[in-house]
Each structure stands twice: as structure tokens, then as C-alpha cells.
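Attaching a single structure in C-alpha cells format; questions to follow.
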Amino acid sequence: MKRITILINCNDSKGIIASVTNFVSQQSGNIVYIDQYVDREEEMFFMRLECEFSVEVFNVEVFKNMFNEVIANKFEMNWQLHDGDSKPKMAVFVSKYSHCLYDILSRYNAGELDVEIPLIISNHPDLENIAKSFNIPYYCIKVTKDTKVEAENEQLRLLKEYNVDFIVLARYMQILSSKLIAEYPDHIINIHHSFLPAFPGAKPYHSAYKRGVKIIGATSHYVTEDLDEGPIIEQDITRVSHTHTIKDFILKGRDLEKIVLSRAIKLHTQRKVMVHNNKTVVFT
Amino acid sequence: MKRITILINCNDSKGIIASVTNFVSQQSGNIVYIDQYVDREEEMFFMRLECEFSVEVFNVEVFKNMFNEVIANKFEMNWQLHDGDSKPKMAVFVSKYSHCLYDILSRYNAGELDVEIPLIISNHPDLENIAKSFNIPYYCIKVTKDTKVEAENEQLRLLKEYNVDFIVLARYMQILSSKLIAEYPDHIINIHHSFLPAFPGAKPYHSAYKRGVKIIGATSHYVTEDLDEGPIIEQDITRVSHTHTIKDFILKGRDLEKIVLSRAIKLHTQRKVMVHNNKTVVFT
Amino acid sequence: MKRITILINCNDSKGIIASVTNFVSQQSGNIVYIDQYVDREEEMFFMRLECEFSVEVFNVEVFKNMFNEVIANKFEMNWQLHDGDSKPKMAVFVSKYSHCLYDILSRYNAGELDVEIPLIISNHPDLENIAKSFNIPYYCIKVTKDTKVEAENEQLRLLKEYNVDFIVLARYMQILSSKLIAEYPDHIINIHHSFLPAFPGAKPYHSAYKRGVKIIGATSHYVTEDLDEGPIIEQDITRVSHTHTIKDFILKGRDLEKIVLSRAIKLHTQRKVMVHNNKTVVFT
Amino acid sequence: MKRITILINCNDSKGIIASVTNFVSQQSGNIVYIDQYVDREEEMFFMRLECEFSVEVFNVEVFKNMFNEVIANKFEMNWQLHDGDSKPKMAVFVSKYSHCLYDILSRYNAGELDVEIPLIISNHPDLENIAKSFNIPYYCIKVTKDTKVEAENEQLRLLKEYNVDFIVLARYMQILSSKLIAEYPDHIINIHHSFLPAFPGAKPYHSAYKRGVKIIGATSHYVTEDLDEGPIIEQDITRVSHTHTIKDFILKGRDLEKIVLSRAIKLHTQRKVMVHNNKTVVFT
């Protein structure tokens, strides 16, 4: 059996679901999963389908062309088809903190993440040993005010060389340039160590401590030009009290960060996240 | 616009989704919500559809007959059609604890629950004043070992008289007889004050205290003949510590009980719960 | 047995705990609970003690004077002694939403809250019937731009008349004046329907929806002159998804609001909250 | 400054707190943290103190003797004094699952755990490479029905050789013998992959799936002779739905397991856990 995933996004109108499911059926496909959502305010339609076809008769390119002609054009759809056969290539950017990197790599090693990790990029040499112990190439590209443009060009070159599909910022402590962001729209996943929109920017645990909150959080989101304001993929929280110091906040936060980030990575690789209007639709 | 909800359950096979959506489309209906689930172990298919039809042309009875002939028979479906126009009638059974009753009635009053509450039945007179202040008939039917059969017959008589659709046991401290349960299969919602399957039966907070658990819970489930073993609709938990006494467990538990029960009531009235093999499918 | 609660706050120095516990012991008291906290940044010491004395020999006034002379003056303490015999008087302010009021009054009725509620004040007549059904005086004092000063004077008059100890704003939709706030420092408890500091001010559920957060919250805090910036007593959260409308946010939020507010009320009445530097110490 | 931690447990009686704090004060110590708890049912008193002494004058052995004579004997206390200077030695037992081991070792590497890990013991060779990459000796001791006694003797020999203080079973899939358990009472920490007391024993995720629960959990507890019935140190939960397969339960559970286990390890190493009557007192 060949399994494909189709993501659809268009203005809402009558008959979309019937048309799509009917088309799949006519192509001898079987729908094994369907989820759909309509944003009533925006009158936008979103759908995620998983379909199975018998390998002998199914041809992806033919299917794509037919779908475009018969369905997508009619409803003016944005749509993507993902073929379950190939794993997306994920680059990991890190700085000095190891907890998210360890978490990602140990999941990777245990077969939990349906990705390939062709390289790790860092602005510091500190985590090279970890990369080594997992046999993943580690590129240390220093970033200073003066070398930022150059450094980013080198990053881009590597991302192209390794055919990277999407990027994970695993507590990478540099702000990406518009150029890099523009190359990977909705394909750069960041973990921010606060419950956004509370405490954007630098040192959120310090701010949370100062404000005396009783709960701290972490937020994974797609990176956009507006710092910490991209579409939120996943959030989670943990309780704190007056007895916790800033150091305690940081330690407790680490556990949040790695779990929230790994959930976001999984949702992204399973093609369960769609972006519209700076918000996400996250299918179950 | 006329809105209907269709729930479908049958053995899984190819083409069900396409057939159903196509049928709705041919009847000039528009699908506004679709959710589906396949239990791969049991090869069982579950679907929930919300469809809109223009009032002028739509006739429920005609649609039902057509659906039966064209679709349901073909796939040997169990199916139900719910008409959004009529609110289900919910009976509330209580004993002496007021917290769940207050919670239900204050939500009811605020228009949160899409039900009618034609009557409250209790084995004690204690909560009559609350019922009165919400203008709902309150029937006190004492239950003793000797009068149990009689009492239940009286309950059944009232349930029939008021055309009750489903029953909520809001901390009702009596075990229902098989006869009453058989009259309302998957239509009696209980709240049990533990995280089932831990601590079934009487005095779960005492058992939880004795075991030294760090988290307590509450579970809402459909009542079956096996005490506290019916299909679970919703659960939630709260943290406790060694500093909490049994009385604290009980007070903290109350907040859980009322919220978990009200969530279960909402899911049930929105026709989002399907039961199979003593488990629930709960659509979002 | 006579039980008293002592709250202490002063600059940290050596020997405070030993001095206090020794003093209580010398007065033939038994310490049944002690909790203490030192803010290392501010070098501030906080302590909460519950002590028991035999009724025959204990005299509160004598104890207070002794404590002041022997202990409090020495360490330059801010301190309070609470006598378990008298219940604090709590005024509830409401507008049109009933959920928090119902929740408070049903807990009050069930004996869960260790307070007296001598009156309810509202700027709308809507909830009068609820107050009536719980036999609590309800004062409707309209507040408009022009009558604000007058209205608040009337509120203050009532608060004095009823000897109110502290105020709960149970979704009261007016901003209090500095004058009223100054009369009850750290004695006015508000519930804000967001996870502060995210979404302060008006319509937080709308803002949360617009931002596409995956978790919403509620925050109970003491009211200060800075809107929604007072010391946080308690917070809690619940998950939301893209499928939830603003109306869903509001309904889900209600359950948070009432639980977070009631927890804050309980902590306050149990004298477990101390305020310093716009933050709270919340003893367990 | 020299910091020590004192744990006290005895029958409750008047004046314990005052006596202890006074004693510390007389020895020129400063109490920087005090927490206490009385089990009213059992009339048992528990206390945890952190005190600071100036290094020049403080002698641990002298202090211990004095404390014993003046305080401990009088109140018939069980008590322990922990010297902050030495880190406890923790042995990790594993089988084939790597997630808990990775989690422990990456925290260890990041300086999060205040322990030494002198060795890892396993009944399988699978995780040796991980141990190696963290430079920790790995002993593979096969356990079969026939070799169980021998294998455990070898384990005991190693534990003695390395002066191990306590043992962590990081998803170790063998049941320990009474002999080994007796050597480390309340010093063997296990992680069980269910919300105990629900689903003790083997394959709890399978049982949870079958029962159709809406929440799964993990429990860390001290090992006693009764399987999965030892004193609970920490628990946590995560939500599941009908859409999750057993495999999903297992993956989601892993995140719980590692976090719950690491929290238990931290509490244990910070001497915050006291055991009585098969329950724990966990100080904050």
C-alpha cells in the first residue's frame, strides 16, 4: 500500500469535502483519515487527508495533475501532497544549552522522530561532542555583529548542500535575518522559554520571577520576521511558587522546553500543522 | 438553515467516507463538520457529521429513509440522526451533596447546557430548596433495602412521564438496578470521585489518602451493570500532598467532580460520544 | 484549646526562628504549624505560625504586648496575629456574570469558606435573585461616568456599615478608584480572565483567540492602582485549540475563573498569603 | 559557611520545634530553612531543617553527639544529619529502553543532579554505548531464572565496591529480590509506567488502552517487597484520547516517565523525602 497525505486550504464553499473524497474514491484510493476545519470568521476551509492506494496502479505525478485539474483549480486551493516514503531533512541549530539537543537526538536515536538529521549548526563549539557521539556532522559558525551576514550565508550554503527541508532552533541564541527566514517560511521552528505572548524577548524567566507568576511556560512557534510573534504550534506550563529561585525557574523550564519543542517537531513532520493568518490549525 | 448531526458506526471498509459525503451532497446538503475514526484493532469505523440543508426543501423523514436505503444498508451501519431543533430532556439524580447540583443548575441557568431539566430525583429531602430556587420539580423517593424495587419503579414512572432522554447521577449515592440501567443504555452518566480504574467503589478519597498518592482524580462514565466499569467519557486530576487531610481531598475533589461531570454532560448533549466495546470515541 | 495564627515579615537576620519558637514555648504555647521563607535577593524573612494555647491561661492582648516587646521590636517586624474565633467579613462585588457568584455562594452554603458574607454590591440589578435565594443583602449601585464618585462613596459607606474585612471582585466590570483601593490595601481580590501578564485589560479572550494561543488562563490577584498588575495569588490554565471559538474560550474560561478565584479566597481567609514588593508568598 | 540538613521523625509532643531551633541557635547555627509536618492521625512529627554554621568552629561529630544527648534522646527521635559537602553515589539499573537513561545522563552532564554516578548495571548489553559516551562504567549482568541469585550477588558486590548510596531503576525490567531490597530500604527508586495504584505489574499501557482511560500516568516510588506498592514519591499524567494507539501511549508515556523519575531523584538527593507507614512526606 502507498500512503499519501494531502493538505488543503481554500475559501470555504459548499461541496468541497464531497468533491475531494469522491475524487480520491474514483482514483481507487481509500481515505484512512480525514480531518477538517472551517474558520467561520475568515470563511477559510482547511483539510487533512490520509489516503491509501495500491502500489501497482498509483502514480503520484499523475494523481497530482489530475487533482489539480479536477479539484484544486475549481476551488482555488492551496494544497500540498506528501509522500510517506521520504523522510524530511531537519537541521538543528544550537548554541550552548544542551538539554534540547540531547532530547532531540535521544528521540532520534530511539526512532521516535520521522526525520533525517543531516547536520547540526552552532555559533559555539560547546556541543560538538554530543553531536559526535550521535555521529552527526557539527558545523561551528561563529556569529558576531561584523560577521553576521557572512555567517548566515555560510549557514544557507550548508542548508542547501544538505537539502534541508526545515530548521529547528533548539535554544539557538541568535536572531535570524529576514533573508534566512524568507527562505524557509513556516519551516523554522523555535522554542521560546515563556508562555507567549507573556515575556517575549530576552530573559523571560527573570521577568517571570520578577512579576511573581505562579505558572511558567514554554512556546514553540514558527519563526517570522516579528520576534516571538510567529504562529504558535504548541505550549505547555508548569507550576512555580515563591520558594523557587530564578535558577529553579530555569531548571524547571528546561523540561518544558524540550517537551514542547519535541511535540512541535512531531506535529510538523506528521504534516499536522497548517498556517493561516499567523495562527496554526493543528490536526489531531 | 436546518442543521442535523449524523453518527455512524460500522465495520470498516473502503469508500464509506466518499459514499456518505457524496450522498449528503446529492441531497443538496453542505457538510460543515466531519470527524472520523477507525479502530484498527477491531476494524471498526466511526463517523460524526454535521450537515446543513435549506429549510424549504429538507424533510427529515425522507432523508432518513433515503439514507437507510442508499447508504446504511449497504455498509450495515448503526446510525443515528439528531435534529438540532429539539433539546434532550435530562433528569438529575442527587442525594445529599450539593456541589454538582449547584454547578449543573447554575450552568443551566446561564444557558450553557443545551438541555431541558424537567425534574430532579433524590433519595433525600436535603436539596429540595436548591431545586425550588431554580424552579425545577424535585421528587424525593426514599430508597431502603425493602423499598428498592418499588422506589425504582416510581423513578421509572417519572422518567417516562417526563419523557426523559438521559440521566445524570450527580453524586447519587445508590446503585441502580439492572432494570433501570437496561432502559437507558449509554444514557446514564455517573461521576465517580476517583481516577478510575484506581479506587472503584465506596470511599475512594479515603483509599487514595491511605495509599499516599500525589494526584487524585474524578471520572465520568456511562453506567453499566458492572459498578464503576462503564465506558469512560472524561477524567481529570489535581495534585495533592502529604499536607492534605482526607477532608482536603474531599474538598479538592469536589471541584474536579463538578467540572468533569459538566464536561461529560456537554459532550453527551452535543452527540460527540460514541460507545463501542465498553470504550468511548469522543469527537472534538 | 485556643488557636492563633501569626504572620511575620522583617529583614532577615540570625536567630529569628529560634527566638519566636522559644517565645511561644515560654508562653506555654504549642506550635502546630510553622512555615518560613527567606527572599535571598531582598534579604527578607517571612514566617507563618499556628500555635495552640490552653484557653484558661491565654490572653490575646497580653500575648500581643509581650510579643511586641520581646520579639517584634528586636527584629523590627511587621506582624499580625489572627484569632481563629472570628470569621472575616467578605463583600462580593458583581456585575452581570453569574458563574463566580454562584460558585462562591454554593461553597459558602456548603460550609467550605470560612467567612461571613454580609452583603453583595453590584452595578446592575441582574443577579439580585441569586443573592435573594441565598438570603444575602444585595445593593445595586449604578456606576456611570458622572456618578462614579458618589457611587463609590455609597459603596464605602456600606463596607464600613457592615464592617467588611476584605472585598472580592467576582467579575465586577468597573475599575475601582484609588480611594477605595487605598482603604483596603492587599484586601481586594480580583479575578482576571487571562494568564497575566499576558492579555491585561479588556477582552482578554478575544486577544488570546486572535494570537492563536494553545492555552488560556485565569489569574487572581490583589488589586493595586496599576490595572491587572497587583500581586498574583493564584493562576491556572486550560488547553484550547483552533477548533475553539471565542465563545468556547469564554465558556472554558469561566470554569477557570471560578476555581482560581475560590482558591485565592481560601488562601486569603486562611491567612496564607503575604505580600511584599508586589509579589506574594503563599504558604502551603 | 558549612551547611547541614537535619531530618527528624518522632511521636508528636509539645515543644519539639522550640527545642530543636533553640539548640541550633545555642550552637551558633542559623536556620535557613525549616519545614515541618504532623500526621494528626498517627500523631507523628516530621521536620526538615537546613542550618548554617561558621566553618571555623563547627564540628559535625561534636554536633551529632550533643544533638543526640540533648534533643534526640529526649523525644525518642529517628534522625539523620546530611553534610552538604559530599555527593551521594547513585547506581543506575537499566534494561533496553534508553529514554530514562539518556535523560538522567544528560541532566548529570549539565550539572543538574547533585550526585555521582559511579556505575550503570544492566541485564542487557544494548545501552553500553550510551554509558560509554558519558564515560561511565557499564556492567552487563545477564539475569535468567537459573542465574538470578548469582546475578544479584554480583550486583551487590558491585554496589558495595562502588560504595553506592542509592539505586535508580530506570526502566529496569527485572524484579529485585528481597535480599537486595533489604540492603537498600527506601533507597531504591523505581519508575512505574502507570498512574498507581491503577495498572500495577506488567504492560500497564496495554491495560490503560483496553480500559479506555482518558489520562495516563507515571509513578516514581521506593521499592519494597510488594511489587509496585512502595511509598509514592512523585506522579504525573498526560491526556490521551481514542485516537491514540498503544504505541502512542508508550511514546507519550516515555516523556512522563523520564520527568517523573528525574523529579524523584532530585527530591531524594535533596533529602526532601521522608518515609513513614508506606507513605512519603515530601518537603518543598
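To keep things simple, chains are lettered A, B, C and D as they appear, and every chain counts its residues starting from 1.
Going forward, a residue touches a chain if its C-beta (ideal position, glycine included) is under 8 Å from a C-beta of that chain, and two chains touch if they have at least 3 such contacts.
Fair warning: this is a prediction, and the values are worked out from it, not measured in the lab.
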* Structure fact -> The pair out of A-B and B-C sharing more C-beta contacts is A-B
* Rounded Å distance between chain B and chain C, as computed from the means of their C-alpha atoms -> 37
* Asked: Which residues belonging to chain A are in contact with no fewer than two other chains?
  -> 241, 243, 284
* Structure fact -> Among line, ring, star, complete and other, the chain touch graph is complete
* **Interface residues, chain D side, partner chain A - complex** => 98-99, 102-103, 106-107, 109-110, 112, 133, 241, 243, 251, 254-255, 259, 262, 284
* **Touch list for chain B against partner chain A, complex** => 14-15, 17-19, 21-22, 24-25, 30-36, 38, 284
* Sort out for me which residues of chain B touch chain D in the complex. => 37, 39-40, 195-199, 211-215, 217, 231-237, 241-243, 245, 278-282
